[in-house]
Each structure stands twice: as structure tokens, then as C-alpha cells.
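Okay, structure first, notes after.
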Amino acid sequence: MAIDIQPEKVKGPGGREPGASRPARPWWLRPAIHTAVAGAVIGYVVGHWLGNFLGSNYQQLPLSDSSDLPIVLGYLLAVVGWIAGLGVFNDPLRQMTGRPVPVEEEDASAAAGLARYFRYSLDHKVVGIQYLVGMIIYFCTAGLFAMAIRAELLSPAYHIFSSSTYVELVGEHGTMMMMLMSSLVVGPFGNYLVPIMIGSKRVAFPRIEALSFWLTPAAFLILFSSLMLGGFPFGWTGYAPLSIQATQGADSYAVAFGLMGISIILAGFNIIVTVICYRAPGMRWSRLPMFVWSMLATSVLMVLAAPVLVGGMYMIITDRTVQTAFFADQLGGSSYLYQNLFWFFGHPEVYILALPGFGIVSEIIPVFCRKPLFGYKTAAAGMIGVTVLSFFVWQHHLFDSGLNPDMRPLFMLTTELISIPTGLIYLVAMGTFWKAKIRFTVPMLFALGMYFNFLIGGISGVFLSDVPADTTEHGSFFVMAHFHYTIMGGLIFAFMAGVYYWLPKMMGIKLNQTIGKIHFWTMFIFFNSTFLPLFAVGLAGQPRRVFEYASNLQTINDWVSISAFCLGGSILIFVINFVWSTVIAREREEGNPWQSRGLEWQVASPPPPGNFARIPVVLSGPYEYGTPGAPPVADLNPPAGVVAAAFTGAPTAAAEA
Amino acid sequence: MTQTSAEPAGLSPEAEEAGFYHEAALNATWTGARLAMGALSFGFGAFVFAYFYLRSLNSHGRWYPSTLTGPHLWAGTLIMGLIVVSAAVQTAVLQRIKAGHKTAWQRGALVALVLGLAAVGLQIWELLNLPFFPGAAGFASVFTGFYPVYLVIALMAMIWLEMLIMRCRPIAEISFVEQPPTFVEAFAVQRFQAALSAFTVVWNYLAATAVVAWVLFYLVH
Amino acid sequence: MSLPVRIATLLVAFLAVVGGAVFILIHYLLGGPPVENFTAGVRPDTGAQVSVVMQEDPQNTVSTRPDWVSYFIKSPTTGAWVHTTLFTVPAGSRVNMTILGYDGCTPLRNPYWGRVTGTIGNVIRVNGKPTSLINSWSGCNVGHTFSIPALNVNVPMASPGLTATLCGTSPCTSGPHKVVTFSFMTPRHSGDYIWQCRVPCGGGFLDGFGGPMQTIGFMTGSMQVVA
Amino acid sequence: MSAAADAAPPPAAPAAPAGPNHGLRIFLLWLPLAVIADLVIWIVWGPHLPPGTMSSSAANQQFDIKVMAVLAAPVMIFVLTYFGYALIVWRQRDGDTEDGPALHGNSRVQASWITITSVIVLFLAVFGTVELKIANGAGAGEGPSPIWKPGGAPLQVQVIGQQWKFTYRYPQFGGFETTQLVLPEGQWVAFHVTSLDVIHSFWAYQLGVKADANPGVDNVAYTKPEHTGGFVVRCSELCGLWHGAMFDYGRVVSMSAFRTWAASTRVQLAAVTRILPPYATTYDPTVVPQINKAMAKAGIGGANGYYYPPQDPVQP
């Protein structure tokens, strides 16, 4: 993607520290994506050999191509080689050997032009763009798998793909969407916008942030490579005896998902610390934009839930390679252990996917209603409530599994309780609409679409929380329709709202609004026309992930399939609009096209290096629309001494070690 | 940035910002260490959950069959002891560097590093010489699953300690006694100190984890 | 970058993406083993007979999975052994199956599948001896099953003895094996009838090994009935 | 910030003197729609909601779905009415670039919203629990020690999942195993669902029974078939390649027909029943004493034959 949106980086006046200067190397020796690829290839070969070598000394391993150790070690060392090739280890190695570490702003990776997007860049704005393009690519890839699934479901009898390919497609689609889309908003918008929204010139841990991005292509490619190993036949959930029984495609699944777990831990870690520690003077918790609240809540879920996923994936790998027996009941393990670990991550995961959507729409509606956000504290409380409750609902995925029947009323209660904080998000929206002056811009349309879709998704979720009703609905297309309404209808619509709203900010480029409206209406209509009938399909008894279904459901399945293709066409309209506007037309957008009070809109588009000329001092909340006499959101050029007064110790006072 | 600390009142905008982000970085180190411990707790929690879950299920009576030879108590105790002593030494010499004695910390930290690496090495040896097969029982699985993870995290902590030792070297001993004359030096010292206290917290946390794991895996199973 | 350069880059990227997608689609998603056609010259629904000969090997050295247990079908036209599990038969006719069982034994996870069903007379012949039930748990005598669930066909696949030295290269031409023959009638309407083995094939795995059992071309496939 | 705003006079209160009473209008729009929707759901749609009334648990699920639909419809219609009204009435008019009124919140509205949603949620939780209890677990798998169970002696039917077929054992009739699922009418049935390999899920759609088949687990679900007829059994947990083809058809017949069927099937399958392992709630297919003995005698070890690794102390 040809996106050079920033003027050439101005070198710092002081230049490089004398000790940190390095002789300029030819471009092909400088760490970038090509050295990463080379490192990955070398790593894979070494790991594969090592696996075979270790395996040959280990009597219990099947010594043949059905052995998993070479594959897993190959993948792991390929990842190490990949990030080593990117230069991730350079600074730590310098530190270990006592050599000076270059100041990150002046690092060679901050080079200008397109090349910086293919490097381990420490600039949060570069990482944001990398994430944005990456996420759109991942989303479209996984979306193509969905098209293939629906193509197969056109007929209950005739098969386009063989059933093994079909099961592979289902697994690839589900896993790719669930694991990679967890960073869909935190990655691009979180990394790019959160520092600007809180008035910071930088993030807390730029290396961790950049690493979190560079793990995503590795995870994506590893998951994709599963097709070469025969795929994996167990969907995105990877329930244990099946994932232990399956072939090496399952190794790709476990390594990729575990890797992505690490990536989202790192991404969330950086966001949390940045929000806590790097807020500008005057950016009190009560002035934090709703989007930042949602990023914070999402990041907490990421940092705390994903380690459990990494643990679960690790156990799958050890069960498959060194023959532990975590999930084998004959040897003292239990398949329920996996289900518990997976869903302890898996349910927070679905809120990792939902909360950013709440954040984006809550951020956008006050701008286009020209009113303050109704019940700011309520909205923040709603997000915190969802965050906390989401750790206590995981067993509702296991209502039929035979696990802990005595706990069912409890999990039924906690699951239903979560609709209270979710309802607050609707209260906030409805209050904001009251007597508003609603402007139907493209971002606003997508935000409205999100509210409409998530309403259906949320209410169908209440049906699923009731154990008797869930008995019929669980594992059927009803569930499938439900979570597509919350994730696709919620998150993806909100993401689109965010793209149309913030792309002018991030790239300084206008997206075509007419095509945007066509995109919205096609996507909204075909989304509903795809997934609404699936509730009926599910209630009529069609289980998920089947490739043969009752012949009397063919008409409705065909309807759904054709709608799904049209939905895919609508996404294609978006891609064309995106590529056309950013690569070909490149119509400049510099000001504040939405007349937003958000702090991010008070600086140039795209923001200059360092975001702000001076650390801004925040004077009021971001949603003070229609408030006569409201102070501007921030003083971008504060008088001397104001910033100094904002931190406890003047730089002379020694901080306690 | 060559202003001296003698002019705190009329800070230039650059110095103001440098000071602001310096303090933010110190806070970030503190916050990050706590957050990392939270994430690690959930990661270890997966294994603790597995431990208690499989133990309570005792599927096919094979959580810890009577015929299973447990891991070597001496090895586990030694590994745990090395880590705890390493953490204790490091914590003790932290007080020395706070009191201004850089070399005392350097020596103690080196000891802590060697002890920690010894624990890591011994742990690798133990895993390569287990008296049971990884899939022999639920206990055996959790044991062989948990310790490699712990091992990697402990190794990373030791790499961190080594970095701190290297970072400490160029700092003048006097800087730990009194405020250095320039911001650049003062910031370097304070960031080092912040990183050191963050490391201490994390390493003590890992030592506590080692004790808990030792109790679970060697004493009570 | 100038506009023509951007457009050219875009075109190259677009072609690369489309090319990659097409390659993956054709190479990984639409590929599959060949289909052996047993319908040539046979009119459906006449009660005519077709003969299908297959062998079941302990390995498949002609594939990328050399240690996977696998079926081969004897091509009706060339007589060569083909690495596939897909074949077509005419509707409403009698299929005479001959399966050469070269693979060693694995006890059925559910001994119920030692019972012969769905064949004509509910009987099979193992080396010529009529059999309708094999106790796979009493000795090493069964390797797999040949089952067509939709036709209720279930045939335990007899296996050479425990101590036999199994044939080592596929397709097997010599080595200890058992010959299982049986017949069944195909339905009168066309359709895709999957067939499978009811044991996750592969000893030494607690939950069985899902590889060959779940890969078309090895231990599962489909029988297309052509009306 | 919002503390001050909350204390301000509630601007969303009905009937600001100049403008129309938006709250009343929305209410009047909502009320008939909600009433009509609920009546349609309860009277017209309700009796046809899945999964039907073929068994006690199915009827119970249909009732639950009906009740929740009746509760959900007004909520949904309220939100949609409000949104529709807002988008039409409060849209920006041409040439109007003013901002809207600065409403930061309204503590009365917020408190009532939270109260109403809490009441609905708590009602649903209590309702679900009661329904779960009176329907004896509502047809969901309750694990090896069910806490909601019918009295008397239900018919025991074991459901064994294996890739990719369910088989059924009738322990009260000599423990024969068959691929046919036949149940008597008007008799409580206890399904003991287990698996021999991976996780399956036994879903008898019209009976409203769904229970996961876990290896090594006896998952019990209860239902009482109320009408004779056929029903579909599907696997509803992805279990590998032919998951989609893992279905069959069961029958509910009269008690006497069931007895006849059971007796004749028992005789017919006597030969195969003899070689089956004795009826148990779970099976370990890796323990086949004769085979393991035979393999050990032949010197086959490790990955080639043993189910358990040779170091394993419990290896027979």
C-alpha cells in the first residue's frame, strides 16, 4: 500500500549521541521485512532440524512425518528469526553488552518514506498505520474464507470443496477472525490515536508496541500455512481430544493462536501504561475520551485474559509434542480442563471484540449529535462493568457439556447481569440523541448501524443465557448468527465508522463520502439479510460447521449465501474506496472536517512528528458541544511553568528508586 | 539539554517536557512492573488451575498414582532455594545502593545473577532427567508443563538483571550519593533506579511463585 | 511517489493478490485425489454388477504422508493401483467389493463394529470363509472397518496376524494380507455416499490418530452413485 | 464533571413548555407496537416456536423461548422506536449549524434505566433457574451426578459417540448396542452420553435434548417423550471431517411397541452383545486386555502398539 503521508522526518537538532552513531549500512543489510523473512526461513530450517534431532532421542515420539516436534520448533524458531531479522533484539543486545542504545526518536528505523512501514518502527503513528493495513488484509483474507464457506453451503448435496477442505475453511475463517481481529481497533486506532487523545507525544513502551504488531503477520502466516499441512478440523475453539488427535495443521493453529495471544498481551500492556502514565496535564480521568476508556478496558481484558489462552495453547502443544496428558482423561487429564481454560480466555475475548466498538460509537455520536455525551460516568461505568463481569461468565459456553450443573444458575445470572452494563451503552446513546441535531455523515451512519445490529446481537444473547432455551440454541446457527451480530455487526461496523471518521486524521486524506454511503447501505442491508435468517436456520435445527444440512433448509441457506456474497461485494466497495482514496486520488484533508472537539482534531492532519509542538494542557472535556462558554479542549501552547507544575517533582528532585 | 539543575524555576520548554516525560517514564516502569505481574499471575494461574482441577478430578485415579516416582525433592528444593536466595541477596543489596553504595550492589547483583542462572541450569537438568514420563499422570503433565514456562521467564528476568548490571557500570558512584549536576545524568540515574526497583519487585514475585510451585509440586501434590 | 508509479505499484500488488488467491484456491482448496469410474458400460438400475478392488496398506509411500495407512483403488481401465478413495458406481446395481487387507491390527474402539451389516446376506468372506461377526478384542484380527453410514454398510477389515511382517512399500503387491469380499446394492437414486473407517487409525495414540481417518484419499472417501 | 450536571434540573423531563412532549409521543408510538408484537408472539407464533412439544424438555424450551421473546420484543421495539423517532425528529435541518442543548446527563433517567434493566435481568435469572428445576435439567447434559432428576425409574439409554456415528445401548434390556434410537412414549428417559474418541454433542432436536459426549464422562440428560413420531439426532459439536454427516433418526413409539422392539432387537443382536464390554457409564477404549497382552508377547512396543507408553507403571 503506497501510503507516504508524513513529511520527511526532521532530524533532531542535537543529532545522534556520539556513542550511538553507527556507520550507515547498505539498505539490504538494514533490518527490515526482507531480513525478517530471511531470518524466518533460517529459523524454520534450524528448528525443523532441531525437532527431528531431539525427537530421534525421544523414544515416545512417533518418528515420522506425523511427528509434531519439528513443526512446532520450526515455527517457534522461525518467529524468533523473524523478529531477530527485524532488529527487535538489537537494542536489548546492546544493553546486555553495555553499549549505548540509540535514542528512539532518532533511530534509523524512523526513516522517511514508505520504507518505514516495512520496518520495526518505534513511531506509534507508523505502527498504527501498519496495523490498519495489516488488519484490513487479515480481515479480507478471513472474509474470503467465509465466502468459500457460503459457496459450499449453497447446496446440501453438491460439493464444491471436499469436506476436509470445508472443515479447513471453517477453522481458518473462525480462527483468523477471532485471533487477529482482537487487535482490529486496539492496533490501528488504539496505537495511533490514544497517545494523541491523551495529549502525549509518545507511548510508554514503543518497542513492545512495535513488537506486538510484528507478531501479527507471523501469526497470520503460520495460521495460513496450516493449509499446507492439511489444515485443522476443529474450528476456532480447538476442543481438546480433537485438537490432539488432528494432524500437524493443529500445530499451526496452536502456535499461531498462542503467538497472537502474546501479541495482544503486549499491545494491551503498552496501552494501559500509556493511558495511566502519559496523560497530559489536565487530562483527568473524568476528561478521558470514551474511546480511550474503551481502549483501557479492552487492554485490561487483553493483558489478563490472553495469558490463559497462551497457557491453553501451550498445553495443546505439549500434549502433541512431548506427550503430556493435560487433556487425556485416561492418563489423569481432562478435556474439560481445556474447555475451562479456553473459555476463561474466550469470553473476555468476545468483549475484547465488542468494547472497542462501544468506544468508537460513543466517541462519534456526540460529534454528530452536536451534544455532550449523555451520562459520561455511566458510559465509563458500563465499560468497566463489562470488563469485570466478563471474567465470570465463561461456563455459559459449557451449559450442555455436563460440567458443574450446580453452577448453572450462577452463570445464568452473571451472563444476564452483563446486559445491564451493556444496556448502559444504549442509554448513553439514547440520551445523546435526545433533542440532538443529528448529522448523517458516513461515520454516523456506521455508528447507527452498529447500534441497530448490536441490539439484535445483544438480545439474542439473552436467549442464549437461559439454560433451557440454550439447550436448543447452543451449537446451532443461532449462536453463529448471534456472535456475528455482535462482532461483525458491532465491531466491524464500528471499525468502519472509525475508518471513515479518523482516516482523514491519520493520513490527511479524505475518503470518498458518496462511495462511503453506498458502502454503508449495501453493507447494512446485506449484513442483516445474511445473518438475520441464520437465527431461523439455527432454531430449525442446523448445527454449526456442518457441510451437509437438511434439504428443506436449502432455500434459506441459498438466500443467506447470496446475501453473503453481496456483503463481500460491499466490503470490496470499501477496499476500492480505501485504495482509491489513499493511493490514487489522495485528496488532502487538513482541518477538522467534523468540527470535533476531540484533542486529536486540534493538531494538523496527519499529526506532525511528536504529535504536539508542546505538551498540551487539557482544559475541558472532549464533549462540551453546545455549552456556551466552554473552554477550548486544550491549550496547545501553554505558558512556561504550567507543565512543570503538573509533575510532582521538578527534574531536580531525585525520584525514589 | 545541558541546563544545570541550579535553575529549577525558569525551565525552558524543552527541559519542562524532558522532565515531564522523565517522570512519566519512571511511573511507567512502576506501573509496567505491576501489570506484568498481573499478566504473569494469570499465565501461572492457568497452570495452578490445571493443577487443582486435575487433582480434584483425579481422573482414572491417575492424578498421582501410587506407583509414580515424584520429581527429585533435592533438586526442586535446591532450585527453589537458589532462586529465593538470589532474590533475597538482590533485595538486600538494593538497600546498599539506596544508601549510595554502588559497588556493593554490583557485587551482590552478580551473585544474584549467578544464583539465578544456576537455578535455570539446574532446572533444565532436572527436566531432562525426570524420573517419570510427561504423560504418566496428571501431576506429571502439570509438572512438565509448568517448569519450562517458569524457566523461560526466570531466564528473561536474569537477562534483565544482566542489563541492569551493565547499565550501572558507567554511572559514577557519587551519583548514587548526591544529585548529579546535569539533567541527563540525573535522569539516567533515576531511570536506572526505577528499573532496578521494578526488577526487584518482579524477581521477588517470581521467587514467591517458585516457593508456591515448590510447595505444590514437591510437598503436597 | 508520482501517480503512475503508485498506480503501477497498485496493479502489481493487485495481480499478486489475485494470483496468490487463485493459486491457493486451485492448489490447496480445490485439489483432490482422482475419481475412479466404475460406471462405464453399465446401465444404472438394471441390477448389473460392478467389481471394485481396493487394497488397504500400512503406509502410503507414494504420497507426502509416507507413514499413513491408506487405501488404493485398482483402476478399472488400466488395472493400476491408484492412490485415491473416490469412485463412482451405477445406481441400483450390485457392487462386488474385494479389499486386500495388508495393514496390521488395531482393536476397534467399539467392538460393536465387528458386526457385518448392510452387505447382501449380512455376510462377508474373509479369505473365502463366510463371516458375519469378528471379535476384534479377542485377538489381533481386525485393522479397520469399511463403513458407508448412509447405506448401513459396516465391514470389519480383517488383518494379517500380529507377528506378520507387513509389506513396506505402497501399493503392496506381496506380503501377508487377508482378502475380504462382499457385495451390496447401491440405491436407486444418485448421490454422494461417504465411506470411512470407524477407528481413528494409528496405534500408540490415546485418542487415535486423526490424520488418515480424516483425510480423503487415505482412509475415507466417497462413493458417487450415478443414476 | 457530570456530578454537577446530574444535579442540574433534569432537562429530559417531559414537556418543556415550548416544544412538543417527545417522551409521550415515543411512548404512544411504542405502546401499540409492543402490545401487538407480544400478542403475535404469544398467540400466533408461540405454538410454532422450536423445538416443538414432542417431549417435556422440548415443551419447556419452547415456553422459555416464548417468554423471553415476549420480554425482548418490547425492549427492542422501544429502542428502535426511540432511534427512529430521534433520527427523524432530531436530525439536522438544512442550514442549521447550531449545536444541540448541553445535556450532560439526567440522574433520574439513568437510575430508572438501571432499575428497570436490573429487574428484568433478575427476573430472567430466577425464571431460568425455576424452569431448569421443574424441567429436570431442561434436557441439557448434567454431567455424571445430575442434581435435577425425575422421580421413579427412567429408561436408561446410553448414547455412545464415536467418529462419526452415535450408537445406543439399553442396559435394562441386556445391554445390547444398536444404531437405532427407539424410545417409548410417556416414560422418562435418562440419556447417558459418552464418547470413545473426541467430543461430540448428542442433539435430539425435537426432543429438546442436548448433551456433550466427552470421552471418559457420563453426561446425563433427562426428557420425557410426550408424542410418538420421528425425530432427528445430530452431532452439534465439531468432531472432525464428517461432523456434518453425523446424524440419524430416532423414533418415539408406544410403550408396547417399544417393548416388542427391544425384545426382538435383544435377541437379534445377542451375538454381538456377547463380545461387547460389559455395560458401564464410561469406556476406556485403550484398555483391551487381550490385545495388550498379545502385543506385549509379540514384542511390539512404544508408538507401534501400546496404548500406554512402556514406562507407564499401570501398563498391563
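We call the chains A, B, C and D, going by the order they appear; numbering starts again at 1 in every chain.
The rule is simple: contacts are C-beta pairs under 8 Å (C-beta built on N, C-alpha and C of every residue); 3 or more make two chains touch, one makes a residue touch a chain.
Computed from a prediction, not measured in an experiment: that's the story for all the values here.
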| item | value |
| --- | --- |
| Chain separated most widely from chain C, comparing mean CA positions | B |
| Cα-centroid distance, chain B relative to chain D, in whole angstrom | 46 |
| Centre-of-Cα separation between chain C and chain A, whole angstrom | 42 |
| Averaged-CA centre spacing for the pair chain C and chain B, given as whole angstrom | 55 |
| Distance between chain centroids, defined by C-alpha means - chain A, chain D (Å) | 30 |
| Two or more partner chains touched - positions in chain D | 197-198, 215-216, 240-242, 245, 284, 286, 302-303, 309 |
| Sites on chain A at which at least two other chains make contact | 60, 62, 163-164, 233, 241-242, 245-246, 323, 325, 328-331, 334, 336 |
| Interface hub residues of chain B, defined as touching at least two other chains | 59-60, 62, 65, 133, 135-136 |
| Chains grouped in pairs wherever the two touch, ordered by label | A-B, A-C, A-D, B-D, C-D |
| Footprint of chain A on chain B - complex, ascending | 5, 8, 10-13, 15-28, 31-32, 35-36, 38-40, 42-43, 45-47, 49-50, 53-54, 57-65, 97-98, 133-142, 144-145, 149, 159, 162-163, 166-167, 169-170, 179, 183, 186-187, 189-190, 192-194, 196-197 |
| Residue numbers on chain A that touch chain D, as the complex places them | 59-63, 163-164, 167, 170, 233-235, 237, 239-242, 245-246, 286-287, 323, 329-331, 334-336, 369-378, 398-406, 408-409, 412-413, 416-417, 419-420, 423-424, 426-427, 430-431, 433-440, 448, 451-452, 455-456, 459, 462-463, 465-472, 474-476, 539-541, 543-550, 621, 624-628, 630 |
| Interfacial residue positions of chain D with respect to chain C in the complex | 160, 162-165, 167, 177, 179, 196-198, 215, 240-242, 245, 269, 271-272, 275-277, 283, 285-286, 288, 290-291, 294-295, 298, 300, 302-307 |
| Chain A-touching residues of chain D, taken from the complex the two chains share | 1-2, 12, 19, 22, 49-51, 57-58, 60-61, 64-65, 68-69, 72, 75-76, 79-80, 82-83, 86-87, 90-93, 96, 98-106, 109-110, 113-114, 117-118, 121, 124-125, 127-129, 131-132, 135, 137-144, 146-148, 193, 197-199, 201, 203, 205, 208-212, 214-220, 232, 234-245, 284, 286-287, 302-303, 308-309 |
| Chain B-touching residues of chain D, taken from the complex the two chains share | 216, 284, 309, 311-314 |
